[in-house]
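A single structure is presented below for examination.
Chain IDs A, B, C and D follow the sequence of writing; residue 1 opens each chain.
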Amino acid sequence: MNFAFYLISGLAVAGALAAVLLKNTVHCALALTVAFAGIAMLFLQLGAQFAGFAQILVYIGAVAILVVFAILLTRGSETPRDGVYSKFPLTGLAIAAAVFAVLGWAVLNSASALPGAETTSAAPTVTVMDIGNALMSRYVLPLEIVALLLTAALIGAVIVAMHEKEEAN
Amino acid sequence: MQEAISFTPQTAASGIAQMLWLIPAVPMLASGVIALLKQPKRRTAATLAIGSLGFSLLVALAAFGHVLSGWSHGAAVRETVNFTWIQFGSTNVDLGWVLDPLSAVMLVMVTFVGLLIFIYSTGYMAHDENFTRFFCFLSLFAGAMLGVVIANSLLLLFMCWELVGLTSYLLIGFWYFKPSAAAAAKKAFLTTRVGDVFFLLGIVWLFAQTGTLLFYNGGTGSMEETALGGLLAQHAGWGLTAAGAIGLLIFAGAAGKSGQFPLHVWLPDAMEGPTPVSALIHAATMVAAGVYLIARVYPLMSAGAEMHGVLIGSTAALTVVTWVGAFTAVFASLIAVAQNDIKRILAYSTVAQLGYMMAGLGMGGVAVGMFHLIAHAFFKALLFMGAGSVIHGCNDEQDIRRMGGLKADMPLTFVTYAAGMLALCGFPILAGFWSKDGILEAGSIWSVSRGPFYMLVFGALLTAFYMTRQVGYVFFGHYRGTKHAHESPKVMVVPLAILAFFAVTLGLIGTPAWPWFRAFLNGQPAEFDLHAFFEPGILALMGTSTAVVFVGLGLGWWLYVGKSPNPEDPDVLEAAAPLPWKWLSNRLYMDELYGATVIAFYGWWGRVADWLDRRVWGGMVSAVAWLTSLGAELNRFLDAKVVDGGFDKGCEEISTSGGLLSQMQNGRVQTYLRILALALVGLAAILIWSSRA
Amino acid sequence: MNPLTGYLLVAALLFAIGLAGALTRRNAILVLIGIELMLNAANLNLIAFWRYGPHPEALTGMMFAIFSIAVAAAEAAVGLGLVISIHRHAHTTDLDAMNRMKG
Amino acid sequence: MIDKLDQVFVLLTQWVVGFLPAFLQPVAVVVIAVAAILVTFPGLFAICVLLERKGLGRMQNRIGPNRVGPFGLLQPVADGLKSLTKEDLVPLSADAAVHFLAPVFLVVVVFMGYAVLPVGRNMTLVNMDAGLLFYFAMGASTELSVFMAGWSSRNKYSLLGAMRAVAQMISYEVPLLMSSVAVVMITGSLSLNAIVDAQNVYTWGLPHWYIFTPWGFAGFVMFATAATAETNRSPFDLPEGESELVAGYFTEYSGFKFAEFFLGEYVGMLSISGLGATLFLGGWSAPLQVLGFVPSWIWFFGKVMLSMCVFIWLRGTLPRLRQDQLMNFAWKFVLPFTMLNLFVAAAWRFMGDGWLRWVVCSAVLVIAYVVMGRVGMRRKHFGPRSYRYAE
């Protein structure tokens, strides 16, 4: 396992931890973008170039901004009155730890059975052309459905968050 | 004698028959209008009543003329107009009216006498402030009486019969503020009611048997052969045929209305009403209704009588009628002897004379009874109106012991009163003599027994005696009253004169020599034949009756005329025979007898019913109530213990446990997430643990 | 240790951190952030398996990840829209306060 | 010879790398290329600043800076020294970390953009298959830095300016992408080199630049407007509108951080002009076949400087747009028009050669432009102004 992988995953995990543990919500959001960047780099390292750039474009470009806007709109940036954490933080952490333990244990146990252990094959070069063709041939139905979903989400989000007229007066 | 009457078959009812219904309708209408008038409208009430009755008189005369002309052409007239009143299911109830000699005669008698009494009462009631109400009831009575007369259906007859009963109650109790008048009215109504119940039973039985209540309906009426044949075939126990039994039931109704023996108690008390009422209702018309009813139903009563050569046999029903009539005659005459009230004497004499009529009907047939009825109507109305003018003259004094010597003060009244008294007693050649003679003749040759004949003769004697006693007390001797007597006004005396004339001349139409009346009623030609007098028994019979009358008059004259005893000391007879006198003056204690028996019985029966109701039914109801309360108690116990204890407790358990579960859904997203994660961990652990082998 | 397990472990760690964030934080938006992290961890897993899987040329893993990114973006948009509207009505983003759907 | 001149930089780097040991060479190539970019573009930045101030002055009938150095040529050096020596104030209430990070993040992201731009023939730092996507990914991150700057300085005006800037950049990022998608559709590849190669074809001496096609021209116009908005320049420079929001999101910055923002802005403009040139003006291809001898990178930089002049020219002439007009223009005119452009490009692609496709495409585009312009942008007769106060 080369040094870059450790570096990037360390960055991602640090970002994630910061996003979860920091007091100031805006800082969490920014830490989140760092985590997203880390994950994007992991994607690039795994050879999924398109996915990596899509991740950056979608998450860092849009979702992060969205989160930040949401924070500002709901006045989250001021420190909350009654504590940052919910009532039983420890139980939450314990449960998360338990889940990680189970997942880790499962991964380690099945390490031998995992594929690709032996063939350190070179990263498959995936060009955008292949992706385009795949999208248009095998995954055309999911593509249309996702298109519909996105439009619906777009309109839905606007309506949900719209400031009703009558409420103003 | 009763011969088969040949009546012309029912032709289309002539014009006058069609209009016959106007006779009762107009007076009734008049009474309706008078009822609406205000009390002070006295003149209009009088004119309306008299006018309506006058119109009825004219129509009645026209009808009588029509029947007379029919009869004179040798064909007796009987025209009926029938119509269906109500229809239920297949059967329908018919009503109708009939015009035949019997109803024609009665129509004329009732309207004529009624008119005279109406005119008389305008004078008599002049001082009474309820004048309009009086005339309303009078015209209503006249309408009802005329309805009874023309009725061709027993049902219509019964309806008018009840209406007559009602008006008699209203008129007797006219001075309702007098308790005695109110009680008398109630008594009259109830006793006639007892009679009417039997009468209704008879009607229903007849309707059940013959299916129709019409008397004459072109052959199918109840009085015609086909129905009578059916009735004779039936046997109704005690040896009576159905016809006989129905006849007796109808006779009970008639007895009630005409005051025969068992139900006569109300008639003397009815004198509480004003005198014109007594004259009209309790002398001339209403009481005659019972006799007229028996005459109308005569074919039914005499159905199945065997013929003994010329003499006609007598059925059980007619026998009973005769005996009751005879006994009532004697009984009433005896009581009349010991009475001191002027109107009460006349009342008992009316009861007696009605007994005569019933006996006449029973023995001699319709013509004999009816002739005496017509004659009696005239002179009894005269006597009552005469008494009325006497009372009016003596300033409403009714006790004869306080009158006397009115011969001088009221000459006209005295003359007319004397004529009426002589006619009543049966003084020769006056109306009463011929009619009584007819009855006695029938009695002498009656096939069943000669008892009634002797009783009637003794009755005639008594009648003559108490009438002379009364005249002696009232008109002879010196005036014992307090106030000065004065003659009545002309409007009262003129009717008296008219009636007196008829009381004298009426006898001529029924003498044995020229029996016009019997011929007219039976529809036979009447020829003048002096030889009739020389029939074997006629002269002897006339001789005995005149002898009896003279004996009675002489006895009375000897005892009472000119003595004018002062009111306090006892009557002459009383001194002679105190005990029987006391019995007779107390009306043979009939009222007390009834009081002891019937009233007592009712009282006892009331208590029994009360006991029954209180103990038996009450007991049952309370038992049921107790049961339901017991059930409710059980239910409450069940509900509390079983349902609450068991079922509800169970439900509570479930809901509390439900509460625990609902803690899980506390709406906080993170708790759900925690549960989710835990489940994931648990599932993974299980999977891994199970696959570790 | 083969590289795949490395990636899987990192993904699991990220997933656990996201879950911890979702469970412990009080502010709704931060819970959403946690969820976003969990989704990304899943994507990482997908791409890792695609990369070291038997048939990388089949592109399924990567396509799946791309579609997942698109859907996650939509989800984030709607989720934040909801949070904003809740805030406008209930003037709070405190998750504990949003228990109107209580059983 | 010409070829040598064209490839002078490439040969230079290969010569330098030759001295290094083998395992270091790939890294060395990259380092040298990065160094070259970091040197040339800030240099261009200095020139542009001067050019802008001189140009604006000339437009406004005044001379512009001529005191520092001959004809004011040393003015940028003076500005640079000034900003370096000025005291770097940080407001007490500001969020120190984020305040510091914002300009750094901005500059880093903007320079990342240059990795994929084909400056000359074989002169692209990284010839990525999804080069355009990478460029836009980096472009999208600039908004985050703007936000960090605005928010961290805890100043109402800066926050307001930041919000406006972010909203504007997001609104114009979508049309920017959509117009470039048309080009990708026609060339069939996301890599910028392929796009330039596709345009580097000459018929009768005229290059196949996309700008000379109806959809290309429309696309370029829309791309240009979106680009000016994306870089907050001239008609769309509402965020740092001096008269209202002092200096927009970098009010609280001074000294070197302010200079970094300034640098970031101008380098952003240069990179977006470079992209525009690559996509629509044929990148480093010569305008005429005959001029082929001129080295390729000269054409690239020439086109970039030409775009900068246009930017400056725009700044001198057009008044500032109001915020709602700006947003309306973006969502109700530019975006629909670019989408229509996509359809027209598709039609262009499948209608085969000939005069017909020229007529149809251009007709459709002109009609759409007139109709949407007239209907969409007609001045609405505004009712009474309704004020809505922040809750």
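Here is the rule we use: a contact is a pair of C-beta atoms (placed from the backbone, for glycine too) under 8 Å apart; a residue touches a chain by one contact, two chains touch by 3 or more.
Predicted, not measured: the structure shown is a model, and the values here were computed from it.
Q: Tell me, which chains sit next to both chain C and chain D?
A: Intersection of chain C and chain D contact lists gives A.
Q: Of the chains present, which has its C-alpha mean closest to the combined C-alpha mean?
A: Per-chain C-alpha centroids compared to the overall one single out C.
Q: With chain centres defined as C-alpha means, what is the inter-centre distance between chain A and chain C in Å?
A: One centre to the other, that is 6 Å.
Q: How many Å are there between the centre of chain A and the centre of chain D, using C-alpha atoms for each centre?
A: Inter-chain centre distance comes to 29 Å.
Q: Between chain B and chain D, what is the separation of their C-alpha centroids in Å?
A: Distance between chain centres: 135 Å.
Q: Could you tell me the distance, in whole angstrom, between the mean C-alpha positions of chain B and chain C?
A: Going by mean C-alpha positions, chain B sits 115 Å from chain C.
Q: Can you list the residues of chain B that touch 2 or more other chains?
A: Residues 668, 670, 674, 677 of chain B touch two or more partner chains.
Q: Scan chain A for residues touching two or more other chains and write them down.
A: In chain A, residues 50, 54, 62, 69, 86, 91-92, 95-96, 99, 103 touch at least two other chains, as defined above.
Q: At least two partner chains per residue is the criterion; list those residues in chain C.
A: Each of 19, 23, 95-96 in chain C touches at least two other chains.
Q: If two chains touch, include that pair; go through all of them.
A: Every pair of chains meeting the touch criterion: A-B, A-C, A-D, B-C.
Q: Mind pulling up the chain C residues that touch chain A in the complex?
A: Going by the criterion above, the answer is residues 1-10, 12-21, 23-27, 29-30, 32-34, 36-37, 40, 43-44, 47-48, 50-54, 56-57, 59, 62-63, 65-67, 69-78, 80-85, 87-88, 93-96.
Q: Where on chain A is chain D touching in the complex?
A: 24, 26-27, 30, 33, 49-50, 53-54, 56-57, 60-62, 64-65, 68-69, 72, 77, 127-129, 168
Q: Show which residues of chain C lie in contact with chain B when the two form their complex.
A: Touching chain B: residues 19, 22-23, 31, 95-96, 98-103 of chain C.
Q: Could you list, by residue number, the parts of chain B that touch chain A in their complex?
A: Residues 668, 670, 674, 677-678, 680-681, 684-685, 688 of chain B touch chain A in their complex.
Q: Residues of chain A touching chain B in their complex?
A: Residues 86, 91-92, 95-96, 98-99, 102-103, 105-106, 109.
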